[in-house]
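Common to both upcoming complexes is chain A, partnered first by chain B, then by chain C.
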Partner chain A sequence: MKLTRILSNLQVLKTLVQHDIMLHNSHLLRRCIDTIIWASCVTIVAQYLLPLFGMSHSFGIFLVISNSVLWGLFEINSQLAEFLSEIEGGNIISYFLTLPLPASLVFVKYALGYAYRSWISSFLVLTSLFFIQDFGQLHLTPWSIFSFLFMHFLANLFFGFFCLFTVSLSPDVTYTTTIRSRVIFPLWHLGCANFTWLMLYQVSPFFAYLNLLNPMTYLLEGIRASILPQFISLSYGTCVAATIGFIILFGYLGIIRLKKRLDCL
Partner chain B sequence: MNSSRFIQISKVFWQMILRDLAAYRPQYKDDLINTLIWNCLVVFVFAYIMPEVGLNNFGTFILITNIASIGFFSTTEKIGSIVSDLEGDKAISYYLTLPIPQWLVFVQMAIANAMQAVSIAIVAFPIGLLILGDIHALPHFCWWKFAIMLVVSSIFYGFFSLVAAAFTKNIYSMNNTWLRVIFPLWHLGGNMYPWKEMHNVSPIFANILLANPIMYCLEGTRATTLAPELSLSFWTCVLTLLSFTALMAYVGISKFLKRLDCL
Partner chain C sequence: MSTQILLHIKGITKTYKTPTQTIHALKGVNLEIQEGEILSLLGVNGAGKTTLSSIISTLNPPTSGDILLHGKSIYDDVTEYRKNIGFCPQKPNIDGMLTLEQNLMFAGKYFNLPTEVIQERMEYLMNRFELKKYAKSFGSILSGGYKQRFIIARTLMHQPKLVILDEPTVGLDPHIRRNLWEVIKELKKEGVTVLLTTHYLDEAEVLSDRVCILDKGIIQLIDTPMNLKNSYNKGNLEDVFIQLLQDSAKQESE
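Here is the complex of A and B:
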């Protein structure tokens, strides 16, 4: 009896997520263009101009691989505004909450939908490898490619659930700028996007240990550990385990806070 | 008669500016904190961590670039509220009924945004210098040129955001505007390199980038604070920016007048 119930819940969840995916796919081309523009601008500057200031020539590829994860963090901005306007409008989310599905799974559906959006478009960041033209720096074996894809998937799953958490922190849509400046930007800029954890450790061990509380550190170190072994600072396994831990933590906090906010049963 | 009309228009215009500044005051603290977080983190990372990657003496450069960019982000942030007003409350319709020429309503919006941007940048600058921790970081600093550049670039940003808002169809297109226009203009506008370095890498691309007005905002501000020989000349930047401002004002106002069916 209980198993049937679980299976039926999962079936409803699957249908809702499929619906989200279908809706998003209709805007996919537009989003892919945005991704390519952004990634190309960043890569051209890193690959051709920053070396003139003494930056290592491998910084271009370092940044492309990091950006394939970072894109999902930036996607949170638009998803946050969208979710908050749904909550403020009230109609759509109220409908989902009346479905024969535990309220938690409704929020899981949102997280999975958002994870899909950032996952699918962030692959396009890799098109900027075209500007690098030195693929010898990439460690391309079946295992490393699998590790990369797995970490990329986990990272986007994290962003989906982290989005729920940021929504739960925001009182209204006007708060999105504050979330971007006070949460997303510091996580990104201090989260080993432009440097490895080891470099940070050489500058300030205290600050480096403090940065281990930043989930972006694990996502970025993990993705680089999979395919750019020359930049390894934290082991791949550690990054995977920490990312899963953060997904559970932020998923739990986000869902609890949203259920409270929306007076769910 | 003409002069009394002019005085009346000036009074209304000034009252509108004051009203916008008063309405902005409660939000100022939050905007300032957000900007300081961004500026301090970027300066900290580039001054203390990035030298490990080989990027030396970049902290000062990035601080000046940030100060010049604050206005850009602060004014473009307003595009969302302008567009949502056009789609929703249409509070702008009320301003268009005031006893001033309708085009002045848009000029007022740009000027008010520019003033808000300046009010944030002048606080962020000394705090960024504190993060650098070097009182001799800017031996070429010329305060009056810096002030002129800050005002000129902020006014340009104000009119630029007007154009961007005029061409943004609805609130959902905001992300497109940001990623396809604002970000490339800024990132390819010399936010991490001087124009002369770009010229060394690719003279053709560097010459194309001279059509990017953000390049003049960033280069001009750097010309007033860092070694002048590294940047385009200060007066070239000021004059070019004034021309771009006039162009943006014309395009933005015409587009808005058309979009809002003004007389």
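Here is the complex of A and C:
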């Protein structure tokens, strides 16, 4: 009986996620163009212009691989605004919350939908690799490619659930800029996007240990550990475990807070 | 009219706490909804109509009390209960980025209906609500009346036993209102139980088997429109309602 109910709930959740994927896919071409422009700009500057200031040539590929994850973090802001206007306006979410599945799974559907959106978009960032001629720097074995794809998937899953948490922190849609400044920007800028954890440790062990509280550290170190072994600071396994831990933590907090806020069953 | 009780609402209270005040929206509502009837919830703004219909539709939980479906608490298995109800909110919540056909298709899938049943229901509901010509149109382009019509169609997709309509005719043109009245009457003919929240007393009078008048979070009266008119010696429900409000205000001042 219990198993039947779980399966039935999962079936409804699957349909809800299919609904979101269908909606996101209808904007795919526009989003392709957005991501390619963004990634190309990053690559051109990092690979071709920064070396003129004495920066290492390998910094280009370092940034592109980091940015394949970072896109999802920046996506949170638009998803945050969308979700806030959704719950403030009492729109389609009020329909979803009366469907035959627990309210928690409705929020999981939003997280998975957002995760899919940032996953598919950030994947396109990798197309900018075509601008980089030095493919030799990438460690391309079947295992490393699998590890990279798995970490990439986990990272976007994290962004989906983290988005729920940021929504729960925002009283209304005007707070999107506050979230960007107070949450997203520090996570990004201090989170090993432009340097490795080891580099930070060499400068200040205290700040390096403090940075272990930043989920972005694991996402970025993990993605680089999979395919750019020359930049390894934290092991791939540690990064995967920590990312899963952060997904559970922020997912749980986000769902609990949103259920309370929307006064759901 | 069948006398079998579909839903038994027992001592429902709802309290909202804000940093500055505590609002008691419902103060112990007891109500029995009979199978196959149209029961209208009436009351002034803030009487607790929408709060009660949101609780019955499981959109929000009560602060205390219970609701029984055929004698069993709905809170023991909310997902199972939800398969039996269809909730049509005050504000049409269509997915504007999908076509009407896609909206209905998903509405069927959410309730795990087989594909052939979904097709059959879609065809039937599109025809019945005269939505066929908009089947391929996006929800966002529909006018208010068509949106409302569509929301009711979507509510009926999985053939619920109880349909909760929260002010379905607010802001609609008179002829569209009349059109929706016909739809509601047809639902009754099909044996569907309808809980109708409305501000319009003429609507309640024409459609309801019984009316329930809520005031300040408690039920003042439940009876048939005819009995109410007779006992208050009034020609229509609107006069009964005004009389009740006056009585209530007088009692309060005493």
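Brief remarks on what is shown
As a working rule, the second predicted complex is superposed on the first by the 265 of 265 C-alpha atoms of A that agree within 3 Å, B and C clash if a C-alpha of one lies under 4 Å from a C-alpha of the other, contacts with A are read in each partner's own complex, and residues count from 1 in each chain.
Convention: a residue touches a chain if its C-beta (ideal position, glycine included) is under 8 Å from a C-beta of that chain, and two chains touch if they have at least 3 such contacts.
Keep in mind that what you see is a predicted model, and the values were worked out from it rather than measured.
Of the two partner chains, chain B is the only one that A:178 touches; chain C does not reach it. Contacts of A:41 after superposition: chain B is touched, whereas chain C is not reached.
In the superposition on chain A, A:28 makes contact with neither chain B nor chain C. Of the two partner chains, neither chain B nor chain C is touched by A:169. With both complexes placed on chain A, chain A has more residues touched by B than by the other of chain B and chain C.
Touch criterion met: A:11 reaches chain C, while chain B stays clear of it. Chain A uses no single residue to touch chain B in one structure and chain C in the other. Remark: chain B residues 30, 33-35, 37-38, 41-42, 45, 48-50, 52-56, 58, 77, 175-176, 179-180, 183-184, 187-188, 192-193, 197-198, 200-202 touch chain A in the complex. Residues of chain A that touch chain C in their complex: 5, 8-9, 11-12, 15-16, 18-19, 22-23, 26, 89-95, 97-102, 263-265. Chain C contributes residues 57-61, 75, 77-80, 82-83, 85, 87, 89, 91, 93-95, 97-98, 102, 106, 109-112 to its touches with chain A in the complex.
Residue ranges on chain A touching chain B, taken from their complex, read 30, 33-34, 37-38, 41-42, 44-45, 48-50, 52-56, 59, 77-78, 177-178, 180-182, 185-186, 189-190, 194-195, 199-200, 202-204.
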